[in-house]
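Worksheet: the structure to be examined is printed underneath.
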Amino acid sequence: MSRFLRNQGWVAGLFALLVFLFVVTKLIQPGYGSGDFGSLARAVLPYAFAVAAQTVVVIAGGIDLSVAAMMALTSVTAASMMNGASEEYALFVVPFVLAMGLVLGALNGILIVVTRVPDIVVTLAMLFVLQGAALLVLEAPGGAAAEWLKASVIGTVPIPGLPDWAGAWVPKALVLLFVCLCIVWIPLRRSRLGLSIYAIGSNELAAFRSGVPVARTRIVAYALSGLFAALGGLSLTISTGIGAPIPGPYLLASVAAVVLGGVALGGGKGGLLGPIIAVFVLRLVRTDLTLLAIDPNVTAIIEGLIMVAVVMFGAFITMRSRPAGATA
Amino acid sequence: MTTNPSPQSPLLDATGVAKNYGAVAALRNASLSVLPGEVHALMGANGAGKSTLVKILTGAIKSEAGRILIRGQQLDVRSPADARRAGLLPVYQEPALIPDLDVLSNLRLTGTPVEPFRAWVRELGIPDLDIRETARHIPLAVLRVLDLARALAVEPDVLLLDEMTAALPANLAEKVLEVVRRQGDAGRSVIFISHRFVEISALCDRATVLRDGSTVGVVDIEPGIEERIVEMMLGTRIEKTRVTARAANDVVIAGGGRPRLSVRNLQLGTKLNDVSFDLANGEVAGVFALEGQGQEELFAALAGSIRPTGGSIDVDGAPVKFSHPSDAIQAGIAYVPGDRAEALAMQRSVRENIALPFSAALRKWGPIRMRREQVVVSGAIGRLQIDTRAQGEVQRLSGGNQQKVTIARWIAANARTILCFDPTRGIDVGTKQEIYKLLRELAGQGKSVLFYTSEMEEVQRVCDRVIVIFGGRVVDTFPVEEADEAALMRAAYGLPRGAKADVGILAEVKPGSNAEAAS
Amino acid sequence: MTDIATMPQPVSFGRRLKRFMADRPPIPLIILLIILVVILQILRPGIVNERWIANTAKFAIPLAILAGCQTMTMLTGGIDLSVGTVATMSAFIMATQIVNQDPTVAFLLAMLPAVLIGLVNGIGVGVFRVHPLIMTLGTSLIGTGFLQVYQRTVIASGAKIPGFLNWLGTGLTYGFPNALFLFVPVAVLIVFMLNRTGFGRLLYAVGDNERAARLSGVRYWQVITALYVLSSLLAGITGLLYIGLIKAPSLSLAEPLVLPSVAAAVIGGTSIFGGRGGYTGTIIGALILTVLTTLLTILQMPEGGRRILFGFIVLFVTAAYLRIVEDR
Amino acid sequence: TAAGKYTIGISNTVQGNGWREEMICAMKAQALASGEVAKLNIAHRNTDAAGQLEDIRNLISAKVDAIVVNPADPAGIKAGLEEATKAGIVVVAVDQAVTEPSAYIISNNQEEYAYLGAKWLFQQMGGKGDVFYMRGAAGASADSDRDKGFKRALAEFPDVKVAQEVFTGWQQDQAKQQILSFLATGTPINGIWTSGIDNVIVDALVEQQAPMVPVVGADNAGFVGQLSSVKGLVGAAVTNPGSIGGAGITLALQILDGKKPAQQTVLVQPQLWENATEEGKAKLKSVVDPSLSPEWPVSISIPDWTTYTKEQIVACKGPGE
């Protein structure tokens, strides 16, 4: 039990915070219902994929500043490919765009390994490159998305045996999110590859000495990040029906959620669940601020304060929980 | 070189291996040949290049020259993963478990079968391991054993153990030795690095001796071989200058004066129990202990690095509480840690490293008086005879010179008390002599030194008195005249002074080894 | 594996040249800068004239000062993402307070948020050990929020650019930008501080090996707090200079300088992991970026292509520089 | 305190820019002046179309009576607007059109904005010469609309060439660096068209003592002031009132009160104020307002659509504040 708390305590606390926020939301707006929850799930979608993309590389001991630009590029690519094309064509577009994310992510990793330039600089340079590429694909917002794709995040998933009122609380967007993340993450987490990603983030030397192919693992981590970012880009196209070449606010949001989710920026620690819950928390805070009609200017302050306060709190308990006599 | 004609062809055969770290030649011309089924000792003084050779054999670092044959074939071992595939499995001097993964994940990472691992762990004396525990939270000694069990579980052809037993308590060390010997009996080869002759003679068939990066001999282990090995290890440096260094200085122990440092009932979690002793002005007090008996914690507590949980420390008769090393420094107490990497800013110059304490206090943040600093720093450099050819970055200095920088810093700062934790680690014999002399000189000037060493003979060369620690307690305090190696060893194992009991954990394993242990 | 490595070899000219440059890091950077200028001159003959040099300096100076903040924080292994917000805040407050206040009072008011944000950053990083990226990101969000709130209170009074700042930002003396009157002392001071003062030594020491610094009696939190306050103060002063140059107070005035300031420090050879680097390289890094921007502006190519080129050039310059300096 | 009965939600996706800030203040002032609004619920931040969808859905959850939105993209928020209409909420888009058919639109005509200014500029240039084309943010929909208008005017003047096209990102510092770099190349130009980042351009010309060429900008206070005060500057300000936000509130209230407009779309046509003629100069004199922030458009009200006073919009207070 105590180990569970030590390993999962942060995620559990975050989850409790999320539940608390739902209660608060219900108090502010008694009419808050399943439909509103569906809206929340749809809003979470691109952020969740962005944060998943960031989480993988942060666990591997890196950072990816190109996440948002990658989402923009994959989004405009998908939107322009589907523009005027048949519904079936989208069946080809989706895997194409995902493969593109994978390859471009791997390119990030390869550049880091080959040039030996720090991650933060390589991905910063790639931020400009991908942004530029997005502008070449679509100079202005536009394009289209297949109807069936758009429908894939609207409404709920009928689950046999579940009463209607409960089924209403299972929005498609949420199911889609969890299916996509689980398909990639769960097998990965259990696999040797996944462990290698943790290993190079935790202690690169020890990982190397344990026989982990460090360079290859780093490339794979970035490739996965690219894949998640492509999912994020697709989800943007799906929810808005267009592609926009200017990156949205996903980079900073992803870094913030990663840290709130209990993933150490040094690497090696944490999982995907925490950051995803953190995304829900941040989006729900946003909802609550809107429901309360708080002065928009104050919301930026509140969001910043929450970020700083939670992280400071985390640092504070780490400091407290260190064994007596340990160095400060 | 002692040839040992053998009907078998070697399993592993390395010749002419060389490796340079910048200005430091870690290996010049090392060779090593291991037969199937043999437990082969790799011996050499500190810094002789043993660990470096193990790292090269297992692909952790690249050599610059040399030829490595495995089963007669020249395999390209570029990474530990390749070595693993070739049947070579190391347990390095530093733990290799991933700190943030639990044990099970660590096993999966290396493709180690779990059940054999568990069996080995039990065999190695840890019956109740929780395989779900994160490596970061496991004590160092247990981690070392797990590292070994992980290697054993895949049944490697050649097992390379680098100072496996150094950090282990006696009971675990004994189990490890048993297991290793059985490996040999089962026809697998083991390369075994240790500084402990008892272990070598109990375990090994042959030994390869390294000196200054070159193989200087291969010998069969037989009774009485120790002197040969020591001779080979140390080369011409063998002539013993016992106590002469000390005698050269007239020891002035300030009799009757207040002790410089007075420690009473010091307590630190489970690591230190009720430690009490005094350190006088003008005295070099030795601390002797086996690995991991609480000596590191004692030094850290005196240096203000960690806070004791009980007891008191008095400096010049006045009680002090250190909450940060700067408090200790303020009281004139400086700490030279054993690990250079802990004490030096590796990318900075020698000068900056030596002058670092001058800038530490808030009121010293302003412009530096470069001329004055230059004088003080070069004084210290001169005094320790630091080779400053590569002084732009400390990391380019040789290990011994790095170690000298850590000491020079406090000579420059004129600290009144120096806590030296194994300051001669990885230092060559010439430099060692200089350091011994320096410490004596400091004492001659009325300063006091607390000196921990892992090498027994240093105690007699440098110290006035020796404090022996075992299991976090002071078990004995000798005047140096009585501190011969046998007496020290006995005390270090917690045996009462004067007891005639056999020393060494393997006393009953191999009759006849006690004689060597005491020699 | 061969025996060649152990034999003495005649040192080739290339190797000697490389060693020469490796020991004098600014030289390869200056060469890179000259190459860029030559390319510019070839593309637009006649562009490199006195006026162009003055303009380049005008824009490089604010960037170089902010990059100085990054250099100092990066030496300790940190980063300061709040400099953009701090600079914007002091610029905006100065421009709006000068309308009704005495210039000294306005100046003090303008520097107040800089000090506060620096202090909070320093305490968060130095005492609570929050990751600098998150800490400075959080405070910059909070700062932006406060600026928005403040902005509404001064709409009625309008804004004015003090003549002195105007003179400093845009004026020329004998063809030299007046901004040099601010920059030269600041640069000399930073270089002097990093090389010749106790505080500068501590920045390097703390970033190189915090434990070693601690054992030498250095109190980490003091150094870090002072550092972030200093960084914020410099950012605040940059804001004042920048408003004199741009002459239009907006709520996102200096934000676009943040990422380039990081890039300038990295190109200039400061290690993002701490302990290595210096300000001279950073200044040249800022010049390189400014020239690069001009170069891309005059290239007749789509915006997307420009950004792609920018990203790749930044990556190439950093990688080439690392190769030259690191491999001895 | 407010006597009104409606709650109106506002969604805006660009923060920190003078034009957008004026738009928000106009909305607040108009809501207050109308006396019909009890509360404004403002979602005002930097985000993209997906983020705006989130805000719109949150406003639906908050059960507002009407939503006034400045769309991040005309098509990108269609789904959210549709849901709002289904929930019985009146939707009004301001500043730019939206593709959702049930939404009402009151917008500045961006294409016309660019066309009007460009045409005037090309005429000033005598129908020939080189123009420096300083666009907005690459990839923004308002920018591409304006590009259409600019290109339309360009097509009418075959002898006018674009000497250089740059994206300012609607950022002052970037624009200034671009114009300075460009001036330093010594390339002769005959006119400058800007997408509303205008006063820094004039500043640059003055600072560099470069030959004055005609400049087209927007009706920002700073630029309008320059048109009447900078010696030798010939130029025109095309109106792009941020007060369109106030008009949006008015339209929403009219619909809530059952007075639906004849068409779904109301376009506010831009005006052009130039200083080349005496008549134009007089007009400029009458609108110049040095007390406003230089980034704020001077057209702080729109006749027939807004009823607040200057004090009210400058106070920037909504009902209940």
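Per-chain numbering from 1; labels A, B, C and D assigned in written order.
Basically, contacts are C-beta pairs under 8 Å (C-beta built on N, C-alpha and C of every residue); 3 or more make two chains touch, one makes a residue touch a chain.
Computed from a prediction, not measured in an experiment: that's the story for all the values here.
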| item | value |
| --- | --- |
| Interface with more contacting C-beta pairs, comparing C-D to A-B | C-D |
| CA centroid of chain A to CA centroid of chain C, Å | 30 |
| Chain A and chain B, separation of their C-alpha mean positions in angstrom | 46 |
| Between chain D and chain B, distance of the C-alpha-averaged centres to the nearest whole Å | 73 |
| Chain A, residues touching no fewer than two other chains | 134-135, 139, 295-297, 299-300, 327 |
| For chain B, residues contacting two or more additional chains | 305, 324 |
| Sequence positions of chain D contacting 2 or more other chains | 15, 138 |
| Contact pairs between chains, per stated definition | A-B, A-C, A-D, B-C, C-D |
| Residues on chain A engaged by chain D in the complex (per definition of touch) | 29, 31-32, 36, 39, 42-43, 46, 134-135, 138-142, 150, 154, 236, 239-242, 244-249, 283, 286-287, 290-291, 293, 295-297, 299-300 |
| For the chain B and chain A complex, residues of the former touching the latter | 60, 79-81, 83-84, 90, 92, 94-101, 105-106, 108-111, 132-134, 268-269, 297, 301, 305-309, 324 |
| Chain D residues touching chain A - in the complex, by the definition given at the top | 7, 15, 24, 39-51, 53-55, 57-63, 72-73, 75-79, 137-141, 143-144 |
| Chain C residues within the chain A interface of the complex | 120, 124, 128-131, 133-135, 137-146, 148-149, 152, 211, 214, 259, 262-263, 266, 271-273, 302-312, 314-315, 318-319, 322, 326 |
| Interfacial residue positions of chain A with respect to chain C in the complex | 111, 115-118, 120-122, 124-137, 139, 252, 255-256, 259, 265, 295-305, 307-308, 311-312, 315-316, 318-319, 327 |
